[in-house]
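Two complexes, one shared chain (chain A), two partners (chain B, chain C).
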Partner chain A sequence: MLARAQTWWTILKICVEERLVYRGDFALGTLMRFLPIVTQIFLWTAVFAAAGSGLIKGYTRNDVVAYYLLTMLARAFSSMPGLASGIARQVREGEIKKFLIQPIDLVTYLLLARVAHKFVYYLVAAGPFALVYYLCRSYFPGWPPAEVMAAFLLSLVLAFLLGFFLEATMGMIAFWFLEVSSLLFVYMLFTFFFSGHMFPLEILPEPWKTFVDFLPFKYMAYFPAAVFLGKVQGTELVHGLMIQTAWILGFIVLCRVSMQAGFNRYSGYGG
Partner chain B sequence: MRNADCGMRNEKGGNEGTDKSSAAQSRNPHSEFRISSYLGVFLTFVRNSLVRDMTFRTNFLIDTISSMSWMIMNLGFYTLVYQFTPNIADWGKYEFFVFIATTMFVNSLVQAFFMPNAEELSEQVRTGGLDFALLKPIDTQFLVSLRRVSWSSLGNFFVAVLLLIYAVPRIKGFELSLWQVFLYPAYVLMGVLIMYSVMIALAATSIWLGRNQSLYDFWFYITNFSRYPMEIYEGPWGTPLRQLFTFVIPILVVINVPARLLAKPLEWEHSWLAGFGIVATLGSLLGSRWIFKWALWSYRSASS
Partner chain C sequence: MNAVEIRQLQKSYRVYQKNEGLVASIRGLFHREYRDVDAVKGIDLDVAQGEFVAFLGPNGAGKTTTLKLLSGVISPTGGQARVLGHVPWLRENEYRRRFALVMGQKNQLWWDLPAQESFALHEKIYRIEHENFVRTRDELCDLLDVAHLLGRPVRELSLGERMKMELTAALLHSPDVLFLDEPTIGLDVIAQHNIQKFLKYYQQERKITILLTSHYMKDVAALCKRVVIIAQGEIIYDGSLAGIIDRFSGHKILSLQFADGSMPGDLARYGDVLEVVEPKARLRVDRGSISQVLSSVLANNTLEDISVEDPPLEEVIAELFSFSAEQQKSDELRNGQKQPARASSQINLK
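And then the complex of A and B:
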């Protein structure tokens, strides 16, 4: 047990160090990622100016801007760049063999590598995020009460887990189709649109709104932001967190099952 | 998409061969004018790329569909927004659709003709492959800018045509006049040239930096500002921003001028923009050419 914990700790440490190599590029890239927010602020200011009423589906202009900023944070937790395509590449190039031979579990390894990746990312991105949030502080309605804050933080952690297992499951498809890059692109578009990264999901008209409620994507961006802004409260909030957890459990199982099925299908040749 | 990349690298050898034969032609004193030999080289590139794209037909189809679906999602977003407002900065729904169609025209042309080459340039700098381009008896900027055409990006061009056909007749009190029919494509082309200038200037920086991996990101974030009507940039922050992106890096001119020309031709207080568009195009072309040449002087071949 101790030996195993030590193995995982070593893996985590190596991954952190590997990540820290590119910290300068990281920080700059993070800051640049906020540039679209600038245009969004101008766009929504123009929309609210023309709409006349200061309220669109319960959002003021400041709410919308705060919403976009918060989804950026939620996406920092739930987006997994290169996870599915990494699995696909390992399957295609046969690198996956090492997980069949070595006593290391593929999913746990990937999860640790991702935790390390995210950990370094937050370390470096904390600066740019704090700067932008400080500059935009007037758009926020203020700190939410402690229990809402706790729920918000919990939903972020759950968003990370959901993002990880969802995308890992997508990556397992590579056992069946070797070339999945275009499939992943479609998945990316879907998440962008239906996670609420592009707009607050409330503005969707009816059949779509229910449709989105039945998808896991909204828990990856919309839900944490809505929790922070107090759009989801009371039992609705508790239910939301429970559904989010249910999605995670579902994808853990699906990920495991598809990995086993994939391993059974897989045949590696050569060295 | 990765497939296409591999194909590209594999076939590079073949490409180089055709370059040589066309280049030899242009050295031949008996051949026609220089301009026409450049045209010949360009047409060869176009044909080569088409052949290559058609080799991976399924990939081509998926590429086309995925690049189109992104724009369709964008369209969906604005349809949603227009549920709540009659206009955005005085752009009505169908006028704004014309704006989006213009964005699609410009972007699809830039992505089809220049984007793959700009990406390739930074890779060539890193690997030293640029040596081969420098040795050819043809203008280096021409060669590295137009070597590859990504046909699948032109899918959006046709979506834009459909969108224009849908939106233009629905603009209130709209009458199409002849000068619009001629000026609109001309200004779309000028927009493409401005975008090209920004892109090649950005790509040229990879000669100094050794590698410019985030070229595409940077490009996306800069041109992101051009995708909105310039009127939305108002107020103490907006006005300087608008002036910066109109006069220093003229990317706001790119889509605003042709879109306004077609959708809102009556407002003449903005007509100076049309004149400025020509100045901006020439300025950015010359500026980017200068940056490219300047960067080229600092080029040191990598290993080999």
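And then the complex of A and C:
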């Protein structure tokens, strides 16, 4: 157990070091993420002006902007740039062999690498995030009570895990189809619309609303934001967290199973 | 005890058979024809602990596939193999901590970080005791003369330096079995020589079992007493390097130097004329008739010098490979092209 913990720690350290190699590219990429905020604020201001009434499906303009800022934070946890495509590349180019030959678990390794990746990202992005939230503080209703805050933080961590295992599972498909970029594009579209990244999911008409309830995507953006804003409370909140956890467990199993099947299928492409 | 035991090991791949042209490509979207390629066709092989064995064979002969099977990267279609008592494709960690695979064309180190970081990771994943780790690392770096490069990002190393780092990484956990897939590919002569020297020394010191594939005959000649030739997925020779010539070459090379102006015009009656630069000539003569030809040459000519040699090993092996390739072609024609390519049993000279 101790040996395993030391291995994990070493992987984390090395991955952080690796992330820091390309610091210029990293800093730029991080800052670019904040540009869409301005356009979103203008967009929703215009939408509410056109609608005339101050309320759309229970959301005021301020609510929507706050919601958008919060999903951005949730996405910072749940989005996994390059995870699935990275697995696909490793399969195609044969680098994946390393994980078959050496006594190291692929999923554990990827998860640790992702934790390191996120850690460095938060380190760089914490300043800009704080600044944006400070400037936009008037859109927020104020700090939620401590227990809601705790649930919010928990839902963020769970969003990270869900995003990771979902996308890692997508990556494992590369063992069957070497090229997964179009599949990833479809996946990206799905998350874009059904995670609540673009708009609060309450806005969706039936049957879409119910449809989205049965998908895992909403736990990657909508759910944490809704928790923070107090849209989900009490037993509904507890249920939400439980469903989110259930999705994670489901994808952990699926990811493992598809990895094993993929390894058995793998024929060692590329020399 | 044998380190490696292989029984009737088979591996066939299913490959998509694409015909040429756009129409065929479009047809391929709806209906695909597959073909089974037998990369390894039921080979048997035993390698004793502490042996250094070379796999020779043309590209696509099944050498690398065999190494992949033995290192558990792929699972076989049939047959059995045990390495150190483990079935490789079960990929048990106990097995994975006892062998290493180094591929000349693949990089296993962290590209953007210094090699010492990769080594540190190996220390942990292979559960090497720290003192052992430091000692082995320093020893290997010393032998390979790379200690001064430990802190430099791997991407900035030359190919030769990187190969040395790969070897170091692979040997840190003191594996009992080492698989080397063309470890000197693309290296210059000096770097090749250094790697050879190192491997020879290390193998003799540690008595580990090494299976090596290489296209450089010099690697093989310098390192391995035992050579296994694989062609079309079958073992066609297993023995010493020198034995290859005895077994596969029916010729000797006869070099003659005639006294001034005495070179006869009809050299061809003694054998195939390879080269004539007066007053010297080189002939290829059937092994069986060499003594007869020699006495006849000596009786009828005035000679200043004469020598009889075996043909160069590389030529013999090239001949052998092209022979088995032709066999395969004629087999395919006979069976129709969509049939799986089967090797002929006629060349099974073992």
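The rule is short, and it goes like this: the second predicted complex is superposed on the first by the 262 of 271 C-alpha atoms of A that agree within 3 Å, B and C clash if a C-alpha of one lies under 4 Å from a C-alpha of the other, contacts with A are read in each partner's own complex, and residues count from 1 in each chain.
Simple rule for what comes next: contacts are C-beta pairs under 8 Å (C-beta built on N, C-alpha and C of every residue); 3 or more make two chains touch, one makes a residue touch a chain.
What you see is a predicted model; the values in this text were computed from it and never measured.
Because the two structures share chain A, they can be overlaid on it, and in that overlay chain B and chain C fit beside each other without clashing.
Touch criterion met: A:I11 reaches chain C, while chain B stays clear of it.
Judged by the touch definition given at the top, the superposed model places A:V157 against neither chain B nor chain C. By the touch criterion defined above, A:L131 lies against neither chain B nor chain C after alignment on the C-alpha atoms of chain A. When the shared chain is aligned, chain B comes close enough to touch A:S182, but chain C does not. When the two structures are aligned on the shared chain, A:L204 is found in touch with chain B, with no touch to chain C.
Once the two complexes are overlaid on the shared chain, A:M242 sits clear of chain B and of chain C alike.
For the pair chain B and chain C, the model built by superposing on chain A gives 7 Å as the shortest CA-CA distance.
Chain A uses no single residue to touch chain B in one structure and chain C in the other. By the touch criterion given at the top, residues 25, 29, 32-33, 35-36, 38-39, 42-43, 45-51, 56-57, 179, 181-182, 185-186, 189, 192-193, 198-199, 203-205 of chain A touch chain B in their complex. Note for the complex: chain B touches chain A at residues 1-3, 59, 62-63, 66, 69-70, 73, 76-77, 80-81, 83-90, 213-214, 217-218, 221, 224-225, 227-228, 231-235, 238, 241. Against chain C, the residues of chain A that register as touching in their complex are 3, 6-7, 10-11, 14, 17-18, 21-22, 94-95, 97-98, 100-104, 263-264, 266-268, 270-271.
Within the complex formed with chain A, the chain C residues making contact are 13, 64-65, 68, 71-75, 91, 93, 96-97, 100-101, 103, 105-106, 108, 110, 112-113, 117, 120-127, 153.
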